[in-house]
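Next up: some structures, all given as C-alpha cells.
Okay, so chain A shows up in both of these, paired with chain B first and chain C after.
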Partner chain A sequence: MSEIHVPHRHPTLLRLTSAAVRRELLDRVLAPAATPLLLGVFAALAIIGVIGLALRVAGGYENRVAWGYTAALLAWLFMTVHGAPLAAAGLRFVKADWRRPIVRIVELCTVGGLVTFPLFLLLLPTLPPRQGRANIWFDWPGAPGAYEAVAVLFLALTGLAMLALSARPDFAAARDAATGAARRRYAFLAGGWRGTPREWDVLRRGLVLLGALYIFALAFVQFLYPIDFGLSLIPGWISAIFPAFAMLTTLQCAAASTLIALYLWRRFGGLSDYLRLDHFWGLAKILLATSLLWFYFWWADFLTLWYGRKPPELAVLQLLVVGPYFVPFALAFLLSFVVPFGSLIWNRVRISIAGPVVVALSVLLGNFFNTVRIYVAAYSVAGMGGHALEQVPPAHPPDVIDAMIVVGVIGLIALLYTIASRVIPPVSIWEVNEGLMLRRPAHYLKGEYIVVGKPT
Partner chain B sequence: MQERHVLTEREINRDLLGFSLTTPRNFWLAAIPLGLMVALMFSAVGYMIYWGIGVTGLNRPVMWGFMITNFVFWVGISHAGVMISAILRLSHAEWRRPITRAAEVLTVFALATAALFPLIHTGRPWRAIYWVFPYDFSRGIWPAVRSPLIWDPSAIFTYLTGSSLFVFVALIPDLAVARDNSVGWRRTFYGLLSLGYRGTTRQWRLQLLAGILLSALILPVFVSVHSIVSWDFGMSLVPAWHVTIFAPYFVIGAVHSGVSAVVALMVLLRWAFHLQAYLTPDHFDAIGRLLIAVGNTWFYFFWLDFFFALLAREPDEVAVWELRLFHWPYNVLFAIFLITAYFIPVPLWLFRRVRRSIPLMLLTSISVNIGMWLERFLIIIPGLQWKQPLTFNWFGYRPSIVEIILVTGSFALVAFGVLMFSKFFPIIPLFDIKEGQKLRHDLRIGHRQVPGVIRE
Partner chain C sequence: MTIRHLLGLYPDAERAANGADALRQAGVPQSSIEVLTDTPYPEGAFGEPPAQHRLFVFPFIGAACGFAVGLLLTAGTQLAYPMPTGGKPILSVPAMIIIMYEGTMLGAIIMTVLGIIFESRLPRARLGTYDPRISEGYVGVLVVDEDPVVGRAEQVFRQSGAEVIREREPED
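Let's turn to the complex of A and B:
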C-alpha cells in the first residue's frame, strides 16, 4: 500500500490503492467476521417488536389512540430509514466528490422498506372513514388505503432497486474473486455484469433516474402520510406548510442518521480509512442548515396561525404546542433546533467527529418527540366532523406495548441492515476507486493539496 | 467545467477593467434610452403625487395593485445576489466566480427599486416618516410594531445595507487594481474607495474573513426579507392569503425569479462586454442545474398552496381560487403564469443542450420572470377582489397608464443602475477570476484531459 502524508482533514483516500480497496472490501463480504452477539441482540429485539405488534393487533383497532405511537414511529422511520438514502441520491446529483465512501452505507438503509411497508399495512385500518373529515381523496374508490399502499411500496422498491443497481459492479468484483457457492451467488446478483462502456453508461444514468424517482417517491409519501395520518385527523388544522415541514425534517434526519451510521461504521466497523473528518464536517454543515430551516418552517407555521387568532387554529395550537403535548413539543424544539444550532455554529464542534454525532443523536430524538406530539395527538382526537376542535383531548402516555414496538421495530431494521451489509460491501468499491483515479496530490506555494478532477 | 480559458493577469485586467476606465460609444446607446425611460417613470411619479392616487386604477376593494405587485417582484429579484453569492461562496462552488458580482449588484438595485414602490404607493411619500417616528410626538402615538407593514421596511433596509456592504467588501481588491491602472480623477476616486488596500497577507485574510462572515450573516436576512413580505399577506385573514406555506413559498419563488434574472443579466453582459472567455456555456449549464432544483421546489410549494385551499373547502377561499382559475382575465393570466414560470422552462432545462444554449437560457429565464410577475399579480388582486358580504361598494381593477409606466420604468431603472455600476466598477470580480485561474489544475487520466481544482 503506497503511503503519502495527508493531513487528517483532507478529503482523501490517497493513502489507499485501488487494489487494496478492492481486496479489503471484498474480504468483508467473502469472509465476513462472525458477529453472533450483535445479530443475536438485534434478533431478540426484533422478536420483541413482533410480539408487541401482535399484541397491538390482538387488542383491535377500535381504540385508535392505542396506535398513536406506532403511527409516530412509522413517520419517524420514513424520516430516518427512508431519509438516509437521500444523502446518496442528492450527493450523486451534485457530484460531490466526498460522497464516494458513504453512499453505500446509506443505501443499505433501504432494506428498512421491508419493515415499513408491512407496518404501514398494519396501520391502515386505524384510519377513520374519510367522509366527514378534511381529506385529500374526495370520492376516489379505494382511497386512501390502496393509493397510499402503492406509494409506500413504490418507495420501498425504488430504494431497493437503487441499492441493487449501485452494487452491481461490486457484485461482479465479488463474483470474480470468489469460488464455489459464493461465486454462484454473486454471479446471480451481478446479472452478467462485464463492465462494458455501455453497462457503465446504463449504470450511471440508472442511478440518476432511480435517485430522482426515490426523491419523488419520498416527497410523495411525506405528502400523503402526514396529511392522512396526522393533519386530517384534527378538525380545523389546515396548514399547507405541514407536508413541506415533514420533508424538511426528513432531510434533517437524513443527515443525522447518516452521521450516526458513519460513526458506527468508523468506530466499530473498521472503516476509519474511508470515513474521515471531511464526511462528518460536510454532513454537520447540512445538519446545521436544516436545523435552522426546522425553526424557520415551524415559526412560519406557528406565527401565521397565532397571529390570525382564528379560534379553530388557536385550538390546534392548544393541542399541539402549548397544551397536553407541550413537553414533547418543548423537547422537540430543544433537541431539533436549539441543541444543533447552539453547538454546530461553533467551528470546534462542527469540524470534529464526536460533535456532529452527538448533535445527530439529539436531532433524531428531537424529531421522534416531534412525531409523537403530532401523531399521538392526532390519534387521540375523538370526533372527526366539524371545522374546529371542540375539545382538546388529554395527553396519551405510552404503554409497555408501545415501548416494545418502538424498540423492536428499530431492532428488526438493524438486523436486516447488518445481514445486508454482510452480502453487499458497505463501501462502494467502484465509486471509491473512481474517486482515487480522479485525484492527485499537489504542492502549491508552501502547502500540500489535493487536486480533484471534475469530469462533466 | 470543461471549457476553461487560460488567461493571464494582464488579460484579465484589460478585459474586465476596460469598460470602467474608458467610455465606448455603445455605453451611450444603452444609457440614453434607459435614462429617458427612468425620467418618464419619475415624471409619472410626480404626476401621481400631484394629482393624487386617483390617477391609478386602484379602487375598492382592490387597494393594492400594480405597484405592490411590482414591489414583491423586485424584492424577489433581489434574492438572486445572496443565493448566488453567499450560498455558492460558502459551498465553494467553482462556477460562481464570474457571476457573483453581477448577482450582488442586481440585488442592490432591485431592492432599492422595490423599496421605492411602497413609498410611491402611499400617495404622499413624505408621510412614510410615520413608519419610524410617532404620529404625534406630544401624545406619543407610535406605529404598531406588531404590524408586518412595519417589519417590512426594517427587513428591507437591513437587507439593503447588508447587500451594499457585501458588494463593497468584495469590490475592494478590484478597486485597488483599478486605482493602480488609472490616472487623474479616476485614480483619486478608486484610491479613496479602495481604502488603502495593498494586497498584503493580512488584508487578504481580513477580506476573505469579512466575505465569509457577511455571507453567513446575510443568509438569515435574505430569508427573513421575503418571509416578511409574504407575511404582509399571510398575517391578514384575507382568504387565500392566510396560508402557512406563504413564507417559504415566497422565498423559493424569489430565488426562482432572482436566479433566472441573473441568467438574463449574464447573457446581456456577455454580449455587451464580450465576456465569452469568462461566461462560458459551463456556467449556464451549472446555473441551469440549480434552477431545475429551485423550480421544482417552487412548484411543489405552489402545489401545496393550491391543494390546501381545496382541502380546507372554505367557501371564501374556494371563491378566490375560482376567480383565479375560471374568471376572465385571471384565468388566462393564470394559464400564462404556470406555463411561463414552470411548464416551459423547467422541462427544457432538463436537457443539457438547452442549458448550454445561451439564447435558450435567455428566453427561458425571461419566461420565468414573466410568469413570476404574474404570480404576484394573481396572489394580490384576486385575493382582494373576491366579493364579500361586507364590501359596501365593489369595483374591478384595471391598471392605469400611470401604473403601466411605473412598472415599465422600474425595469429601466434597475437596468440603468446596473449599467452605471458597470461603467464605474468591474462587473466581473477580477480577484475571484484570478484566484480561479491559480487553482485550476488539469489532470491527465488515460487519454483524457480532465479539468480539476485544488482542494485544501
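Let's turn to the complex of A and C:
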C-alpha cells in the first residue's frame, strides 16, 4: 500500500459544512454571548477619552503643542483603523482565496470612521493660518480645512458603505433565521435581499469598486494629513517622500492590525476553526515586505537631508531624528524595522501564529512612536514663518490628558467594534460558504493538495 | 393577463440546475426564470445568461463629473480673478491637481454608491416570492410568467424533484 505524503505546512481546509458555518456564525448575532465586563471596560475607557477631549477643548487652541499627541493619535488611527480594511479591499481585488474568513473582521474596523471624523474636526482649529508658511494649497479659499474634512468624511462613508454592502447577504440569512424584533431589524438591514444572480453580481462588483475607491480615498487622506498636520508645520522641511512614507506605513500597519485582530478573534473569539496558520503566514509575508520598505522610504528621506547638509535641513534632522525626539525615533526604528526584519526573515517565526502577532504588536507600537516624533515635534514648533527652523524646540512629554485621550479614543473604537460585531457576523458567511463550494482536497502522485476553483 | 409567481425549492444545487434546464426545455422563457441562492454560484452554473447591469458606468460618470467640477472650480476661479505673479502662468496646475483629484474621487464614490442602490433596486418595500429555507442552503427556482407557462413550470418542478412548490398571490 502506497504511503500518502502530506507536504509540510500546506494550506489547510476548513473542516466545517456550510450549514455548520451558517448556524455558528448566525448564533453569534442572534444570541450573542453576554460580555458585560468587556463592554463595560471599553465603555469606561470611552468615557475617559471623551472627558480627556472635553478637557483639551476647554483648554483652548492657543497652546498648540498641547494637541500634538492627539494629532499623532489621529495619524496612527488613519494607519491602523482605516488601514486594516485595505486588507479586505486588496485581497478581494486580487481574488485571493485565503481572504474569506478575514475580510469581515477588518471591514468591521470601518466603524472607527465614526470616531476619526469628529476627532479630525476637533483638530482642525489647531492648524495655523496658511499665510507665511509653506503649504500645498497656495491661497485657495477654504483650504485646507474644508477639502480635508470632506476627504476624511468620504473615507469614513466609503468604508461603512463597503461594510454594509458586504454584510447584506448575511443580514438576509439572519432575517430568515430570526423571529420578532430581530427579524424586523435584519429585514430592514437586508433591504429585500433574495440572492438572485443579478444581486450577487452587483454585490461582488460593487465591493471591488468600493474597495478600489476606498484605497484612493485613504491614499488621498494620507497625502493631505501628513503634509498639513506635519510637514508644513516645520519650516525648512521639504520632502516629496514623506506622504508616500505615510502611505507605506499605512500598508505596514494594515497588515499588523489585521494580524492583531485575527489573533484576538482566534484566541478569545472562538474563531480558531476559521483563522488558521495560512492567514497569519500570508500576512507575515506582507509585513516583512513592508518593513523592508519602511527602511527604504525612511532612508531615502533621511539621506537627502543629511547629504545636502544645508543648515535648514540639518535643523529638521535635529528636530525629528537626533535631537529632542531621538528616543521616539530610535523606538520607531527598532520596532518598525529592526524587529520585524530581524525576526520575520526566519521561517520558524514567519510560519507560525505567535511570531507574526508579536511582530505586529511591535510594528504598531513602533509606528505610534513614529507618529509621535513627527506630529508632536511639528506641533511643538512655535514660529510658522520663514524657510528654516530657527530654534529646535525641546521635547514635549505627554500629560495626563494626553494619556486619557489616547487610551480613551482607542477604547471608544474598540467599543463600537465590539457592538458592531454583535450585529454583523464577524466572519462573512456567504464568502466562507462560497470558498467551501470552490475548494476540494485532491491527491496528486504522493501528495495531498487543495484544488481551488476560481470563477472568472 | 394574470401574472403568476411560482417558486420551486430544491434541496441541492445539482437538482436545481437540472430543474432549470428542464424548464427551458419545456418552453419556459429564460427571462421568466430566476435562481435564488444563499451563496454566489459561478456564473452560468444554472445555465442562466450573464447578469445584465451597468454598475461599471456609474463610477466613470461620477469621476468625469467630479473631474469637470474640480477643473471648472480651480481653473474658473483663477481665470476669473487673475493674479499675475512674476510672469508665471495664471493657472497653477500642481495646486489644481489636488482639488481635481478630490472632485474625481468624490464623484466616483457618490455615483458608485448610487449605482449600487439603483442596480440593486433599493429600497425594496416587499421581499417578493421567497422562502427562508433558501438561506439554509436550499436553491429556489422562480418562474414569473403568464398562467399557461407557470402551469407548465409547476409540472416540471414536480418531475424534477422540487421539495416545495409555493405560489405568491396572483397579480393582474
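Annotations
Just so it is clear, the second predicted complex is superposed on the first by the 442 of 456 C-alpha atoms of A that agree within 3 Å, B and C clash if a C-alpha of one lies under 4 Å from a C-alpha of the other, contacts with A are read in each partner's own complex, and residues count from 1 in each chain.
Methods note: a residue touches a chain if its C-beta (ideal position, glycine included) is under 8 Å from a C-beta of that chain, and two chains touch if they have at least 3 such contacts.
Values in this document were obtained by computation on a predicted structure and should not be read as measured data.
Of the two partner chains placed by the overlay, only chain C lies in contact with A:Trp140; chain B stays clear of it. Looking at the shared chain after the overlay, A:Ser421 reaches neither chain B nor chain C. Looking at the shared chain after the overlay, A:Thr258 reaches neither chain B nor chain C.
Set against each other, chain B and chain C touch different numbers of residues in chain A, with C touching more. Look at A:Pro455: by the touch rule set out above, it reaches both chain B and chain C. When the two complexes are overlaid on their common chain A, residue A:Gln222 makes contact with neither chain B nor chain C. Look at A:Met437: by the touch rule set out above, it reaches both chain B and chain C. When the shared chain is aligned, chain B comes close enough to touch A:Ile238, but chain C does not. Using the contact criterion defined above for the overlaid structures, shared-chain residue A:Asn370 touches neither chain B nor chain C, since it reaches no partner.
136, 437-438, 453, 455-456 are the residues of chain A that lie in the contact sets of both chain B and chain C, per the superposition on chain A. Those residues of chain B lying in contact with chain A across their complex are 1-2, 94, 220, 223, 227, 231, 234-235, 237, 242-248, 282, 300-301, 304-305, 307-308, 311-313, 441, 443, 445, 448, 450-456. Against chain B, in their complex, chain A makes its touches with residues 10-11, 134-136, 219, 227, 232, 238-244, 292, 296-297, 300-301, 303-305, 307-308, 310, 437-440, 442, 444, 447, 449-456. Against chain A, the residues of chain C that register as touching in their complex are 34-43, 46, 48, 50-53, 55-56, 59, 77, 92, 94-95, 98-99, 101-102, 105-106, 108-109, 112-113, 115-116, 119-120, 122-128, 130, 132-137, 140. By the touch criterion stated above, chain A contacts chain C in their complex at residues 18-19, 22, 136-138, 140-141, 147, 150-151, 154, 157-158, 161, 165, 169, 172-173, 175-177, 187, 191-192, 194-206, 209-210, 213, 216-217, 220, 224, 430, 433-434, 437-438, 453, 455-456.
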